């Protein structure tokens, strides 16, 4: 069943810009999003990625009804978001990564209580959801702590619980893991996976972190300069973008560039060497091969950068 | 309507609780606001230490005008005064968050940071109005017009607050210009309009109908002829002015929201 | 040198809000015009009220509008920044700077005042001069004497606002003290009504309080009511308050430093 349907979506902004050589500011029309068409089925988990300023937030804001499209059509759960914003709000949950919708000076509990009232969630349902989310998100002990005293990670979990208490069919997450430490990120991903599994909640998230996508999304939509440049699996994206991961190896001694099957040595600096290998290949056999023929002191793996992947996507001719 | 009022009440009372996080500051602010709103009238009272009448009106008559416009702006400010912070809510992205909630946006904007101290203005205006009303020669029609005056006056200021705040959907940093009409309109109508040139009075009647907040109905209640010779029908026309203003503000708000461009990319 | 840099950076910071400045000038002009019509009526009934003639009174109104933002009668300016930093805990950084907090924030506030004088001080006065007959300083010396009084008044106002902001060290929220201070400033500066119109006992008290330096004292220099050696007396009055209040700020800061509260730390 199609839950989100976007057809020929376009949004422009008028901005004033100083042009070179001229002291006057001119009005320029900028296309934040253009010719966007995609469908998302109920129960999907879709990563929506792209560089800064690509139009990710603009799209999410149109899908939630905050911004009115310049042209094109959107149907979310059967309605036009900007015309039925308030009604649609009951059926969706939204989390904007860097701002909170919780009450700064009051305990978490108060924000949750208010949400129950303004969403008019059935009280029993609310209690059950709250108990479950407190458990899964490890918020139980923080319920009576004023929001201003929570850490960024705790607040983000609080915001996610707040966005889910009314059983939304769709959850939009705008940069949910930004600024979080590795453990918080991991927990959050685990929670979102179980949410999708247990409740069949449709998830759409924008992110800078490819690991979010790897952990969560079967499908990725890539947008750049307002247009869609890719729609498919993450593996397919890596393949098309030819993206690579990097194995950073610290050896005990300085040696000649490592020669090993399945990887390519890119850089050597003293005892440290950088080896790149295809992003969809496993690192384990490489590490094993390395350890058997070299004295390895330390290892780390660098994930491909979204910007790099997208750059690659452009520099290669489209395959097929 | 009822849903909106309930939502307003719930959001507002949460903010009141939040403000209690700093009790000392809360009480100082409550007292300060009460004193501050009363200053205008202290000023008028001091002027009357130097003159016997102002523009042909006595202190008690001016007290009646003052109390009436004071109640109008006090009720409007109580419920929707916060809308003047719209630009700030846009800048900090708070409006985006509000737009994802199932409560009318205007309700959320106006209930935002609701503070009990806004009752100070209502309280202060009520005192002056009640005092001045004891000098009025009351009849039933006059009493009805007085009720209609306070309701219409509140709605006119209510509409002014909202329509003018909508400018911030386009330019976020010029919110202060709205004060010239809202609080400026309040200041103008604290005095008998005979103090001002007739062109200004006509502008306040036909362009921005602030004179309907108190001046015309008060002429009726105080049993006075229109000093500018304008038709006496105007004295009963405040509800019409309020209805027109409400319609305009609803239109402006809708246009503003559809024009909203959020922040960032 | 450092302080000049701080002041000019503050000046530039305020000068980026062009829309806000224009909106403010418009609002000041509207309020100025309203009060002029009222005062013209008052002085028509009592031509030498408070020892002023009608031209003095109308000029006083515009000087008042010019000073509102310049001396920050309502509050604001760099002490607000400090209060925000106290609440967020960033104030710790200020304590570790190699320059004194007081001098740093005073420089910033003087930069702000300079900007507000040149825009929101000058522009409404020009508007007032176009609409009404104003009295200007009689000679170059009077202009100079007035020009010296203004920055001194800003220092007094700064110290008062600073004291209100510093309460945030103890209350963690300074809105209450600021509201009370705003009330006192609004009345005792002579912005509500000229202090010379007050009943005699109240007038004597008001003229001895620090807020008299905001408007009444500079206005009397401008209008030529304070001349010759009296001007030195007026300066001594302003400087004495500045010294006392800055001293109080320094004391409070010292105690605050000892108990720096880092919010959420």
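Read from first to last, the chains carry the letters A, B and C; within each, the first residue is number 1.
Following the convention adopted for this analysis, a contact is a pair of C-beta atoms (placed from the backbone, for glycine too) under 8 Å apart; a residue touches a chain by one contact, two chains touch by 3 or more.
The UniProt protein names, listed by chain, are A = ABC-2 type transport system ATP-binding protein; B, C = ABC-2 type transport system permease protein.
None of these values were measured; they are calculated from a predicted model.
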item: Most widely separated chain from chain A, with each centre as the mean of CA atoms; value: C
item: Identifier of the chain whose CA centre is least distant from the whole-structure CA centre; value: B
item: Distance between chain centroids, defined by C-alpha means - chain A, chain B (Å); value: 46
item: Centre distance in Å when chain A and chain C are each reduced to the mean of their C-alpha atoms; value: 50
item: Rounded Å distance between chain B and chain C, as computed from the means of their C-alpha atoms; value: 28
item: Overlap residues in chain A, where contacts from two or more other chains coincide; value: none
item: In the complex with chain B, residue positions of chain A that touch it; value: 13, 32, 52-58, 61, 64-68, 82, 85-87, 89-90, 92, 94, 96, 99, 101, 103-106, 110, 114, 117-119, 146
item: Chain C - residues contacting chain B, complex; value: 17, 19-20, 22-24, 26-27, 30-31, 34-35, 37-38, 40-42, 45-46, 49-50, 171-177, 179-180, 182-183, 186-187, 192-193, 197-199
item: Residues of chain B defined as touching chain A within the complex; value: 7, 10-11, 14-15, 17-19, 21, 92-94, 96-97, 99-105, 258-262, 264-265
item: Chain C-touching residues of chain B, taken from the complex the two chains share; value: 22, 24-29, 31-33, 35-36, 39-40, 42-43, 46-47, 49-55, 171, 173-177, 179-180, 184, 187-188, 191, 195-197, 200
